[in-house]
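One chain, subunit A, links the two complexes that follow: it is found with subunit B in the first and with subunit C in the second.
Showing the complex of A and B:
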């Protein structure tokens, strides 16, 4: 009898204890980083902490491989199978908002006031997504190379001008020590081209599309500034400064470390590995080609799916994840830039005097988000093809004009992508 | 030694030399993949510019294999692919051979027109019907242990059922069945055998080569599935090997782990092919069809 009573007591107590868990409403989240052990571990920790921190919501994660993530989301949207919380690449966000995959975040933007601009996904005046990290590109070099070639070390306040940059490449080429003066990572013809190289175009004064209306690329991608950019771009390859589109992928990973290149245009995700292999590596700001020095901005962000029945719960999770301690944990884990100065101070790499602090400053001072338009996903592909063609010797003016025609035709066929 | 075109030994030597060179071209990627799977990334990348890439030299270890298993549920992906592929191949052999039997031996109105339509489906790329098919399967009902459910997404059946019947497999069986001696079928019917008995007692026991060919071709299609599972499976539990390959392409690609993963997922294909290769070659010789 006593045993029965004891068991009954245990069952009742267990049931009572389980009530908060049972009351939690399930939220599903999709995330692009399947296979990224460190990033997944941090995200799983955040989810676990969030689920334990309150009794209203329970988030479950489904991870996808990054390369196919966007296709999976597009297919799920067609089939009406989207989750509550979506992970979205910053420049793709306007497309998903326009296509009806996302709804505006039910969070006041002021809550993210101190976040880097590139980590906030704003479309049509509304905040749709927030990133827990950002990425930046810099010119990797060795201090010893700069000293040997007698080059001034550029700074954010006084970056290299176009003439100084080309003089640096000339000096590296003339030294005969390197296979190429500059590595641009030309083999990677995915979104790298628009992320890494459109800032050069913007620094010349051009752009992928006319940002004042987002209704045409005319003048922006084939105007005087863009033509000058195109000719300069082609000269990098015809002049033998940089390997072309058939570059060995291995060289992008180890070429700079092995001393094949004097300079490398690369992202901060390669910075830690490079620092480990090259003692005197320095990360230099982008050159100023006349219209200011620019780099790309905007990485993966979290938003709420348009189909979510619990946007308030999804927003709660995003706010919870945006705490400095988690931003710092991501940064320490994957080496990317924390979005806030307070989180940066908590990290090993981005705190004041940290080895990668320069990237935070670069991101703050130089970053320009890619065109904020649903048409960017097409424009990025057109831009990539145009740059690859020019690198391979195509006529600059004709190629840029053709790219403009293609972008304008796409904008027109999509009714202007909702730009008013 | 002067070259003499009538020298049989020399001609044989040249012939084998050319054949060996061709064989090497085909086998080099596999050798590269397997050797690279044992090397650390730094050595793997450095070796790509020399013949060392094809040799198991340097810092050899199983670290990449351990890394691959840490990064992705490799066993689960292989199991899913083997399960989906195995079920589809078996069901396909049954359904397509039955359909082909009907086209080859039974007389029914509109038979030739229907066969023409079935064969015509060969010219339609899957990509063109992927989206309509996705919309269809996302709404289909299913009665299972949990009762009536709507939508087939995130299941094994959505990866199997749409792929069971296809024009190529039916066409292969029809062509093969038409080559069987008609007297055998007629004799069986005269002896009182039903059409079903003719199918499984007479026709199928004689169809080893075409069964092997159809099985291998279907196996390769199913094991290499990428687009379809990508759009109909959002849960890791049902993901096949090719979608799983994406786990290894991060901002910093771990090439050694990629090679280890590729080696691991190639093993079932090699086993399957080795198991059926004699029948496969016999079938190619008899039907002239190759994958």
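Showing the complex of A and C:
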């Protein structure tokens, strides 16, 4: 008797609780930015707006620390527990798509026609992911330094040539006012090397892998252009222009602000803090080493997991999140580049004449995504080690040849990574 | 007949069960998996089917070869020299990539030496692994005796009835309690090549004569720097074990030695040291195992660099298995490491057995 009463109570209670939930199908989403308050606040705002705006879907977010995010996804995929909406780093996306973690976005690409190219994750001819922002790298300098050393201010149309760039470093070094002429952030041996430094290699005319076939790195990473790049890269360290791999990690944050370096190769996410501390900071475009001036592109993006039962709901959310007002909110919050010109106009930093507008132009004009291949994850590791070794004095030709061998062996052992 | 171990010790087995179950689930089973994976080409994530490759992974890691390079000669048969008078040799890659030597395919130079006009080059399929192997052995060979010895000295120093001796014990033990990642980060600042604490102290002591050294950025000082820091970090732990051993020695033995008129050295040599036998075995085995598992310091401080001078086996296993998504390669390194540690532990036990 007592039991029946209990049961009835439970049934009634659960139906009451379920009424709103029955109407909205639950969607889960994983995000890499745990611990980043501004980012979380903006994203939570988008989610609650979305859940309130329609009655079909209810999104819930789980955040992970960035460092362990990729491992968590791999573990969840092996266990078959992937969420509906996945946050994915742009260059890693092909790896996940190839491994079967992601499905193509069920959204027409024309929806994102005016997005910066680096914010669209395309693999095998299909759009898999879309980013709410992009990032860019520039050469940080002080206008006063340029004036003092008598240097021409480079522009996007007329960037510094290799000779001008090296002359600038020589002048900074000869002035004796700086610990080093240039800071590259060499201690950060994670994604930074391939993101920040492979564009130098591309500007020389080489690449991490041969993008025409993605079957080999031979000729791209050890050809004449790459050898020239390697020798130049080594000269930055043997010539005492830049600190090496054992650099103090704090210097990438504050070294330029403290005046230890005349120039710093750094990302736009440091631009706001640097502007606050340095009145006359200027963000210069990458030098042109012969084959055009290039910077990296592609940041974190949203995609739909392969196992999701409700891809149309996930797509609804991604479309909703890609509205200009949210793109602008993210940009205002963390200083990243908004993907569309209309969103850029709504931001404090990227509107016409805004202090960071230059980054939007840089991204539009120079950006080149990292190699679009599932093998990128390994190739980035090999490239990073090769550059660190060359900086530490390893033989350039041997190191690049060895890197090519390792990349080729990896491509072969993965059956060509699905490139046709 | 049921043996005594299984029957009359039922309570003992019950007590051991929870721990045993955990060890089997989280150590024995994964290790058996590792042996299995090392015989396949399993990737961390890949749509391709896993294939059985037998000993291919082991061959990839352990393959070695020796090549003799003859100097390049011009048309007259004279040895070609560059401006500095150095003899010119053909590039090794011409051999390792040529169709004529399929057995050397993909191999790289490990080290070379001069023999008359020729050079002899030892090549390896995986040079980084070989360097990691050598570095790991070097690390253990230096750290085991030095750390064990220092810990014993500290234990002897603090094994006295002095006022406030607990303060010293706490100080020496402190680094053990702090997370190794935090310690590694701090030592990165201490070793900084520009204005690190170590360089500043050495410059102060030598009145500015000392030239700053980039401790972690220099291939010849990076591994010793990691060794020194590791010795400092864990010395307190082994000190406590020595201390426990010291306090087990009966005071009557010391009294007898004093009555016999033994000197301090004789007391140590004939009373203390024999009494510490079992402790010494334990300390040695523990340091050896910890030494072979060197990872966190490398991950935080050097990433294996500069120029592979601080690569270690465990760091390589992680880098390969997770970083490069080659889980079978990482497993293979773990299995090799297990075989090495097992062989060394057995040898140590045999050498230190009761005679």
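In the analysis below, the second predicted complex is superposed on the first by the 398 of 420 C-alpha atoms of A that agree within 3 Å, B and C clash if a C-alpha of one lies under 4 Å from a C-alpha of the other, contacts with A are read in each partner's own complex, and residues count from 1 in each chain.
One rule holds in what follows: a contact is a pair of C-beta atoms (placed from the backbone, for glycine too) under 8 Å apart; a residue touches a chain by one contact, two chains touch by 3 or more.
Keep in mind that what you see is a predicted model, and the values were worked out from it rather than measured.
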Clash or fit (per the criteria above) of subunit B with subunit C on subunit A: clash
Which superposed partner A:71 touches (first subunit B, second subunit C, both, neither): both
Touching partner for A:248 - first (subunit B), second (subunit C), both, neither: both
First (subunit B), second (subunit C), both or neither touched by A:111: neither
A:410 touches, of subunit B and subunit C: first, second, both or neither? second
Which of subunit B and subunit C A:269 touches, first, second, both or neither: first
First, second, both or neither for A:36, with subunit B first and subunit C second: first
Touched partner set for A:164, first subunit B, second subunit C, both or neither: neither
Subunit C collision site on subunit B, chosen from 9-17, 99-107 or 135-143, when both complexes are overlaid on chain A: 99-107
Doubly contacted subunit A residues - partners subunit C and subunit B: 71, 248
Residue numbers on subunit C that touch subunit A, as the complex places them: 41, 43-48, 91, 93, 106, 108-109, 127, 188-189, 191-194, 214-217, 219, 302-303, 305-308, 319, 322-326
Footprint of subunit B on subunit A - complex, ascending: 30, 33-37, 62-68, 71-72, 75-76, 78-81, 248, 250, 253-254, 258, 267, 269-270, 273
Subunit C contact footprint on subunit A (complex, rising order): 71, 74, 77, 95-96, 98-101, 179, 189, 243-246, 248-249, 377-378, 381, 388-389, 392-394, 397-398, 401-402, 405, 409-410, 413-415, 418
Subunit A contact footprint on subunit B (complex, rising order): 41-42, 45-46, 48, 70-72, 131, 134-135, 138, 151, 153, 230-232, 234-236, 243-253
